[in-house]
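Each in structure tokens, the structures are laid out below.
There are two complexes below, and they share chain A, which is joined by chain B in the first and by chain C in the second.
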Partner chain A sequence: MVLVLALGDLHVPHRAADLPPKFKSMLVPGKIQHIICTGNLCIKEIHDYLKTICPDLHIVRGEFDEDARYPENKTLTIGQFKLGLCHGHQVIPWGDLDSLAMLQRQLDVDILVTGHTHQFTAYKHEGGVVINPGSATGAYSSINQDVNPSFVLMDIDGLRVVVYVYELIDGEVKVDKIDFKKTSTSNSAP
Partner chain B sequence: MIADGAEDEEKWLAAGAAAFKQNAFYMQRAIDSNNLKDALKYSAQMLGELRTSKLSPHKYYDLYMRAFDELRKLEIFFMEETRRGCSVIELYELVQHAGNILPRLYLLCTAGSVYIKTKEAPAKDILKDLVEMCRGIQHPLRGLFLRSYLAQVSRDKLPDIGSEYEGDADTVTDAVEFVLLNFTEMNKLWVRMQHQVSHDLCCIACESLPFDDPELRLAVGLSGLQGPAREKERRERERSELRDLVGKNLHVLSQLEGVDLDMYRDTVLPRVLEQIVNCRDEIAQIYLVDCIIQVFPDEYHLQTLDVLLGACPQLQPSIDIMTVLSRLMERLSSYAALNVEVLPYFLQVEAFSKLNNAIGKVIEAQEDMPILSAVTLYSSLLKFTLHVHPDRLDYADQVLGSCIKQLSGKGKIDDSRATKEIVTLLSAPLEKYNDVVTALKLTNYPLVMEYLDNETKRIMATVIIRSIMKNNTLIATAEKVEALLELIGGLINDPDESQGVEVDEDDFEEGQNSVARLIHMLYNDDPEEMFKIISILKNHFLTGGPKRLKFTVPPLVVSALKLIRRLPVEGDNPFGKEASVSATKIFQFLNQAIKLGQIPLVLNQLCYSLRFLSLSVGAFCLLQIIEALPNVPSPDLAFRLYLQCAEAANKCDEEPIAYEFFTQAYILYEEEISDSKAQVTALQLIIGTLQRMHVFGVENRDTLTHKAMGYSSKLLKKPDQCRAVYGCSHLFWLEDHEAIQDGERVLLCLKRALKIANSAQQMISTAQGSSTVSVTLFIEMLNKYLYFYEKGIPQITVESVESLIKLIKNEEPMASDPSAESFFASTLRFMEFQKQKGGAIGDRYEEIKV
Partner chain C sequence: MAKKGIPEWLNSSLWSTTSSPSPVVDDRPLRHPPAATTVAPSPPIVERPPLSPSPSAISTSPSPPLPVRPPFKSEINDLQNGSGKDGPGTETPAAEDISRKTQVVAELSKKVIDLKELRKIASQGLPDDAGIRSLVWKLLLGYLSPDRSMWSSELAKKRSQYKQFKEELLMNPSEVTRKIDKSKGGDSNDPKMESPRVLSRSEITHEDHPLSLGTTSLWNNFFKDTEVLEQIERDVMRTHPDMHFFSGDSAVAKSNQDALKNVLTIFAKLNPGIRYVQGMNEILAPIFYIFKNDSDKGNAAYAESDAFFCFVELMSGFRDNFCQQLDNSVVGIRYTMTRLSMLLKHHDEELWRHLEVTTKINPQFYAFRWITLLLTQEFNFVESLHIWDTLLSDPEGPQETLLRICCAMLILVRRRLLAGDFTSNLKLLQNYPPTNISHMLYVADKLRSK
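What follows is the complex of A and B.
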């Protein structure tokens, strides 16, 4: 069992002061094995903070990140799953599932994680999953009116991944869960 | 020479110890054989060793301890003797036959102790006799130890209430009188040590002695230890080693059952203070006042605050009264913290005003008191009042006011320790109330900050912001925001004079980022008030210079965009067009703000003039008035903000404004964004934003899309060109906007992108490089064709899809590139998947022959 934290679009300090304290108290070091971050952190303090939760940190570059070392997209393999990571402003129309699916095919991944819209979504798509963890700080977005802070925790176990979504609604953390099973054949075709 | 001194002393101690041991041995033998006469003789000889003047207090103490042990044995022997029939009165006479006075008095004390135990005379009479007799020794060191012995043996024999030696009605007074007398005499001896001609030992190695007192150690370290100064320090150090002998008496007093509050207030405290004040000795005063504070109960202090504080200004002007008072206040605050029920007493005795007055007087009395001490005193007083009277904000403000009085006329503080203390002082209310809004009510608070140097102001500003962040304090009114900005001026403005060192780049960034975070805490639900807040922020940031704008403008813009979202669209504005806050007005404001971020501007007149113009004209006029200046700190950021604003204007159906923002973004793209990688991202943002705009009429839309297409085909690298151009295809087909569904132009875009992909391939093959990039481009193109084919755009034909698949299959090097291969494989799988879906989509995919 591997726990992967997916989050992004924090936009500190441009659009938000910090992560909600309730999230901070949940994200304690030592429990999470990997962090994948969809970008727009935007300052080093946030990068350092994420490092304290888990040193295995994968970040792609959002359009407000000044750190040029972050790549545009990234793939990594965790257990039996291949994950793709991209901020999402590169994929036009923004947040469009069919266009994201093209990126998923291009990266050839089971799980594609993107951000940019500040809206949590998770779709099962062509035998894969497309996830957007939303904005961890609930940052302002011109795409979405009402942004609630949210992040995603993926519990990867063998061919199964359980996606937990944590969303802060009116000061309360709501948890949702999506189950996804990979059919072992789905990605092995030539 | 120092070494010699130490060695000599060792020698003397050794010689004394040897003679002592011998006599102790004979004494013991006499005791064993019940020979009182010999026991007295040898004990007197043994005690004679204590007459030495050659030992330092430290070594003398060693010898004294040995004597003490031996005297215990002798006392037991005396006790046995009385049981065997020897009259204690006789014994008391007998011991006085000793030849030398010092041994005689030690023996007398020992016999006296036995005398009291037998209860053949009242304890008070014997004690009185002993304490008077001890006057016979006036040598400070010997006298101190003798009296110390007396205190030790009498401790459990005082006629205290409840004690077995309790006497008549005034018994407690007798006990107290005895201890007070002994204390007074001991203190006199102790003080006299300071002025005594050095004992025969001229030098003692400082290193050989333990330094208990850190201040003393410091003093020794600083002095260089030369001549008389060194002599003085040595003496002071020696005295410090002996202070507990004197202090012990106060401890005994505090332990007496009979010393109740009345006794303490009427007798003990006045008498002790009298001695302390009159001795005029710094070391004694500082130690003993502290001793009083530490050994007697808090409750007593509270009730006798007048007396205790009244004595303070009478102490020697050079003593460190600050530490003493600070500790008193500390004790009282923790007393109040632990016992809530005593709070009424604090009010009843007016503890705060008494302390405040006392501090004022002390500072007045000590003219050259360093600023550090004064600030520390007020810092302690502030902590005291915050703990004891958290509801009395006026007290806290009063303390700050008094502090200012001390600071005024002295300019900026240049003592770094004093500065630190002021930071502590100013942080105290923040820590206590966890709410900066409360601190903002303290009118003297900003005035104290005036006395800080720029660096410290900056630190203080950071402390304030951190407190706000930690406690999630919302600052909700324009007035408070204004006050807060004054307080954190250290981070918002450049120093007026170029004093001090340049701020470190990282520190600067950290500071500005914290200001940026702070902006999110300044919020009011009422749009009118919120707009005021934003305007105040803008005015302050304007004065902060261009370096800071890069950090402060983005959150300000976001704050304004959030406000716009809460406003009704202009047409529905219930207040009509004259309403003071409208989306238009904010957009105008934003335009300025971003330009500020990009180019510092003269813009204050705008907000006012625009209220009276109609919307669209307003936005245009705005641009006419704006007077651009050079200097561009962050065009990338400004570019992004313009697009954000354009999208917000789109939501508000403000076409001209949206168009204006777009134009501004385009200008920046053309003029300022030159790095090819930055251009790719910028163009993605342009196309992505433009794709979402529905506010534009045909004409504006055409102009903007046309330009975006132009930028796309001018990118540096072919693959980037290709991707940007096929991205543009989405500008002509909006799923939910029938007005924007132009299949012809979608096809045109895709064809142009394909052409670029082709030329990219040719370029690469002529360079004989790998053409995998272009294969990938072709597969991307295929996916785009499929995307629009699936949407049912008639111009995207099944033939065009098929020919693209054929083209990709014919590409040789694909096998050599696994990523292109898997991309193609998953695309084919996707097509199969869609075919299986059935329905209209399935039918369309059914038509494609792979």
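What follows is the complex of A and C.
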């Protein structure tokens, strides 16, 4: 039962001041085992804040990140799942499923987490899942001005992952749940 | 002049611990080589001439029901064998053991076991082998009824109840949600398999989610419990680090530790008033050890469930010791320690005065651990098993017996205590010297209120 927090595109301090207080009250240390961040934090203070929630933090570089040392892509294995992480501004067209699928095959992962569009989406294809946690602060993006803050919490339990989507709609936190089961034959290794 | 308030039989050097062997050893050459039965004790008591009637007091007192079991120092053995054992004085300890074992086995093989009789036999100590102790403890703690025919049904019922507890209480929230989903409707992921690039179905749920802060939330309660679980885990790791059964890297040790953890966790969850307190692991350890090492493999497999219920039974008498709010109340630990002081004062006023008034040793400093942990920490594992035989079998109840044994422990080292000051006495009582357990239990027995 591993809890993985996926979030990103906070754009603090340029486009947003901080995470919504309702989100902050829920993100207490001690519950989450890993954090994966799609990038665009942008400053070190946010990095430190995320570190207090969970010491195991993985970040990839977004185009506005002030720390240039973050990698472009990252892959990690948690339980039975391979997760891939990329900010998404490198994948053109932005947010296009086919291109993201290409990246997924390239990284050879079960779950690909990308951001940049500031819009929550979850696609399933070919036994893999592409998740976009959206923007945790609700910062505006190049394509979209009206953004609901959102982030994603994944509960990885054996071959099954339950994705909890937290969205702040009209000042209220709404939680959705998505179930995904990995079929054991799904990853073909050439 | 006999010292005031101390029964004469108590004042013999026989009862002092053997940490000061020199007076005993030096006296031996004074004795005639063939130690006559009633003459033998007198040379050691030569230091106190007025007490010469004591040897006769010893020989007329009922011969100690407890034979000299693995005697700690052979001198004591000789002394005792030389003194008041009237009839069976020539029986070797091994023979006594065998006769007791046959007694126990005979009692246990009856169809309906007489608990009173069993208690009497058990209070003298149980043999270590053939799973006898496991069976007797289960009977004494009320886990098994005296009627043999009821055993299989009772055991089945209790064991399945424990299994149910485990399933309910030890599952983490992911497994719970998985179970609920499975029961709600099967795996509906598959129908959508063929059409790619379709948004995965998302269900709106106002139920539980991992970050929920609600009081009824499964997840929130799970995280709140992790604190208790961590404490339990830490204590289980520290239980008896010298024993391979409990600690080390072997698979056996790990599975035993897991079993201990499960029992303590379920107990903590079922008793929200008292939860888990440090020390409960020490009380559980001997019970689990005995049941797991039962020669009957069927019983040993269910050691965890049996140990759980017996632990609950034992704790029901002692739980007030662990409840912090009750510390100052009539049933709390402070009052129990006061009772120990009163008991000591009643039986040995001089020692009591020296300890409490002169050297100002508060019973809290030593007796707290003695009482709450049921003496498991003061003696080695095997000895504490013997003490527990007596504790569990005494008809007066474990709490009373425990106080008497503690009082006996104090009286046995009275010489050293009387000679010592605060520091040395405290050191002595907090690291109680090795002693002959049979002695101690005999003395405790004699302290029974008339």
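Basically, the second predicted complex is superposed on the first by the 186 of 190 C-alpha atoms of A that agree within 3 Å, B and C clash if a C-alpha of one lies under 4 Å from a C-alpha of the other, contacts with A are read in each partner's own complex, and residues count from 1 in each chain.
Everything below uses one rule, namely that a residue touches a chain if its C-beta (ideal position, glycine included) is under 8 Å from a C-beta of that chain, and two chains touch if they have at least 3 such contacts.
All figures in this text were calculated on a predicted structure; none of them were measured in a lab.
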*When the two structures are superposed on chain A, do chain B and chain C clash or fit side by side?*
fit
*In the superposed arrangement, does A:14 touch chain B (first), chain C (second), both or neither?*
first
_I'd like to know which partner A:155 touches here: chain B for first, chain C for second, both or neither._
second
*With the two structures laid over each other on chain A, which partner does A:181 touch: chain B (first), chain C (second), both, or neither?*
second
*asked:* If we overlay the two complexes on their shared chain A, which of chain B and chain C does A:93 touch? Say first, second, both or neither.
replied: first
*Between chain B (first) and chain C (second), which, if any, makes contact with A:126: first, second, both or neither?*
both
*Based on the superposed arrangement, let me know which partner A:58 touches: chain B (first), chain C (second), both, or neither?*
neither
*Aligned on chain A, what is the least Cα gap between chain B and chain C? Give it in whole Å.*
6
_After overlaying the two complexes on chain A, where does the chain B footprint on chain A coincide with the chain C footprint?_
126
_Residue ranges of chain A touching chain C (in the complex, touch as defined)_ = 1, 3, 25-28, 30-31, 97, 121-126, 129, 153, 155, 157, 160, 162, 164-166, 174-181
_Could you list, by residue number, the parts of chain A that touch chain B in their complex?_
12-18, 21, 43, 45, 63-64, 89-90, 92-94, 98-99, 101-102, 105-106, 108, 126-127, 140, 142-143, 145, 187, 189-190
_Per the contact definition, I'd like the list of chain C residues that touch chain A in the complex._
172-175, 177-178, 181, 187, 189, 192, 196-206, 209-213, 223, 226
*Quick one: in the complex, what on chain B touches chain A?*
469, 472, 510, 513-514, 516-521, 551, 554-555, 558, 561-562, 565, 640, 644, 647-648, 651, 681, 684-685, 687-688, 691-692, 727, 730, 776, 779-780, 783-784, 787, 790, 819, 822-823, 825-827, 829-830, 833
